[in-house]
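These are the structures, in structure tokens.
In the two complexes that follow, chain A is the common piece, with chain B as its partner first and chain C second.
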Partner chain A sequence: MPGYYDINDILMEEEPIAVVFQVGANGVGLLDPGAETNSVEKGAKVDLPFWLAHELYLRQAVSISIPACFGQKTRKEIQADAACVDLRIRCPYFYELGCKIVPLVSDKSIGPFVRYAFTSRYKEILSKSHSAPVATVPKFLPRLTKEETQLFEAARSSMAAFKKWRVGGSRLEKAPILGRKRKTTFPIRPSTP
Partner chain B sequence: MAGQSDPHISIFSAPEVEFLAEDEVVEIVPNIRMESLNMICGDFGPFFPQIPSKVPLWLAAALKKRGKCTIRTPEWMTVERLTQVLEAERESPREFQPLPFHYVEISRLLFDHARDDIPDIYMVRSLIEDIRDVRFHKVETGLETISGRTHAVKLKNLSAMEVNIVRPFMVRALQAFYKHDSPQMIQQADTMGSKRSQGADRGPRRDLRPR
Partner chain C sequence: MYGRRASQLLKELGSCEAGQLTPFDSDSFDQVTKECNKHNLQLQSLIRKIEDQNLDIQTTRNEDHFGAVIHHLSLTRNKRCLMAYMYNRAEVIQSFRWKVGPVLPQEIQEKLNYSEEEYFKSHSAAIESYMSELDLDLTVDMVPPKDPYIRVRVLDDIGEVCLGDHSISLTKHSLHFLRRTDAEQFISQGLMEEFLE
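Take a look at the complex of A and B:
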């Protein structure tokens, strides 16, 4: 869940987003690897990290194009068999990026698409997570995005903890300090004159 | 009260749930005479030989360890009752049978501390395992019905340990569904034809109940 201190939220904002500059910009040639001068022309297509693209979008300096992971190709694959699509290679922060990008683009079908992808992939995670063996890494794990991996791990670790307890895992034990014998010490008082 | 083992997510670890279960009351038959014990949580006893008495499980286990009592098996932990429960669990795929809230933990504590007091211990143990498996399978089929429109999940008669196992997964799943189904994400133009259009008026959310 997004938050200022959430490392995943910070990493998510590093995702490159393709933008089109609506204005020319001087002195920022390093943003565009193909630029010959130290400036970005109006209409140039540049990949920017999400945080920068977002800020520039708010200043109406750029327009954001839809990232490839929400494009038609991915949609077709998700509709064909959602569970088999390797979303991590497309974008490890697929859902988080989807949530952030919806208000910034005119294509309103991204929201339902993200929801559809999650709903159909959720069933696969559910059916495999609680019964997953503890020692081996399942084959489908590398296909999951960050959020899905966390979901999977939540289920797997709680089930593993339960199994460990059932076969005789550790009990709550008393703190070592409570086990000590109490020593009665008589304070030596200075004798009053 | 939240678990102490992991401060970030408020979940209990299995030993913590077991610790809570030790407050459940069981019946013991002491074989010694003893004055009543005055504890912070209440007074227990006085104890007389062969006169049954009710004490919390932790006290029963402590007395048992010292050979001062036998623990009476709770009446739900008999082979007949458990067989009935298992059959009822298998017959009704939609609901859970009423069992003590801490039945998983109590049974394990009794298996560990009072194995000589339980008749047919192997049978009882395997019945409880079977019941737990059947019930957990129901929980999983219930979880499949969670969708973006799930507001809350009703889990009647589910026990402490069972809830504790699914809690991390269920909380994350509900959060994710809630996020993806929020009105900001799903706006009026629903161009993907495969789904119902959900505009600003999405109707009351119905609470699905994984049985």
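Take a look at the complex of A and C:
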């Protein structure tokens, strides 16, 4: 369960969801670009961020339509070759959004679909993260979603830590916050007299 | 869109590397706070409108009610974003005490806002009082060293420094044989590196 302060969870909830208002709402004309007054009419089709769409759905104020990234086109592409699909451009939080949207829509095939997409992409991410050279950014990285990128980085850094442990070497290092450049001009510390 | 600016604030924070810090974005922060106030005012006026019509505030589900709900949700969303922004920065700031030491270099200090500087000072003071109570330096390397002494190369002119019972002149590129605990703080500040054959 993500925490209240979880940045990724908050950013995930910003993903736009297409909804249809089942009620009218006053004083929120900003939500509907086509509104002539400062209110949203019943039946208006609007894109809302997930956090708002979710809460309004629970109050039966809107109906949610399935986001395009879980539509037929993406499904066909995933079935053809899961690893080659650029999921980030479709939705950077594909899996998290998938998990959260399943209880809200009637289409129950989204769950198995998201699972299938993950299992077929996972193997490739893991093997590439262990073998890819550390210094370069692999070509396929921009295709990964945020969750997959985190997996990739985790696997890569654990591999790097393992190699470092095996070779040995200095345990003491400069604090990473101070920047990678060696020759930064630090303000000279007041030298002890 | 409601809450857009607050999420941009977090995006900025999320895009920098783990353990790093971006300058405190007080412009956006203040704007989001203002947004919160606006939502609050509109929420109040919609509630008042319902009350003026002599409707029961608990059960009414008219257009004013849903307008008020949306403003309320936006308000709590903005609050969550602002809280997460402060909380995640505070975590990073705490880690500075362990990685960099009690005095922050200017370049990091500039990224903090006033209350964060105070937070760092208080956190640092709390750790120091705890360590002096234990009579143990907790910030040194957790793995027991094989040798209490270490060979180091100085990377920057540090000057005359008092270590233990004698003073030593640390000039650039000079090599020294120091007590490990003395050298550790200079290494983490980037002023020295361990000299390996």
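Basically, the second predicted complex is superposed on the first by the 165 of 193 C-alpha atoms of A that agree within 3 Å, B and C clash if a C-alpha of one lies under 4 Å from a C-alpha of the other, contacts with A are read in each partner's own complex, and residues count from 1 in each chain.
The working rule: a residue touches a chain if its C-beta (ideal position, glycine included) is under 8 Å from a C-beta of that chain, and two chains touch if they have at least 3 such contacts.
From a predicted model like this one, the values you see are computed outputs, not experimental measurements.
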Is A:Ser158 contacted by the first partner chain B, the second partner chain C, both or neither?
-> first
Figure out whether A:Val114 sits in contact with chain B (first) or chain C (second), or with both, or with neither.
-> first
Is A:Tyr4 contacted by the first partner chain B, the second partner chain C, both or neither?
-> second
Please work out whether A:Leu126 is in contact with chain B alone, chain C alone, both, or neither, and reply first, second, both or neither.
-> first
Name the contact category of A:Arg90: first (chain B only), second (chain C only), both, or neither.
-> neither
Quick one: classify A:Glu14 as touching chain B (first), chain C (second), both or neither.
-> second
Which chain A residues come up in both lists, the one for chain B and the one for chain C?
-> 169-172
Would you tell me which residues of chain A are touching chain B in their complex?
-> 1, 79, 95, 98-99, 102-103, 108-109, 111-116, 118-119, 122-123, 126-127, 129-130, 147, 150-151, 154-155, 157-159, 161-162, 164-166, 168-172
The answer for chain C against chain A in the complex is residues 1-4, 7, 10-11, 13-14, 19-21, 42, 45-46, 49, 61, 63-64, 66-71, 73-74, 77, 80-81, 83-84, 87-88, 96, 99-100, 105-108, 141, 143, 150, 155-162, 167, 183-184, 187-191, 193-194, 196
Which residues, counting only chain B, touch chain A once they are in their complex?
-> 11, 13-16, 18-19, 108, 112, 136, 140, 143-144, 146-148, 161, 164-169, 172-173, 175-177, 179-181, 184-192, 194-195
Chain A - residues contacting chain C, complex = 4-8, 10-11, 14, 23-28, 30-31, 39, 49, 51-52, 55-56, 59, 61, 169-179, 182, 184, 186-189, 191-193
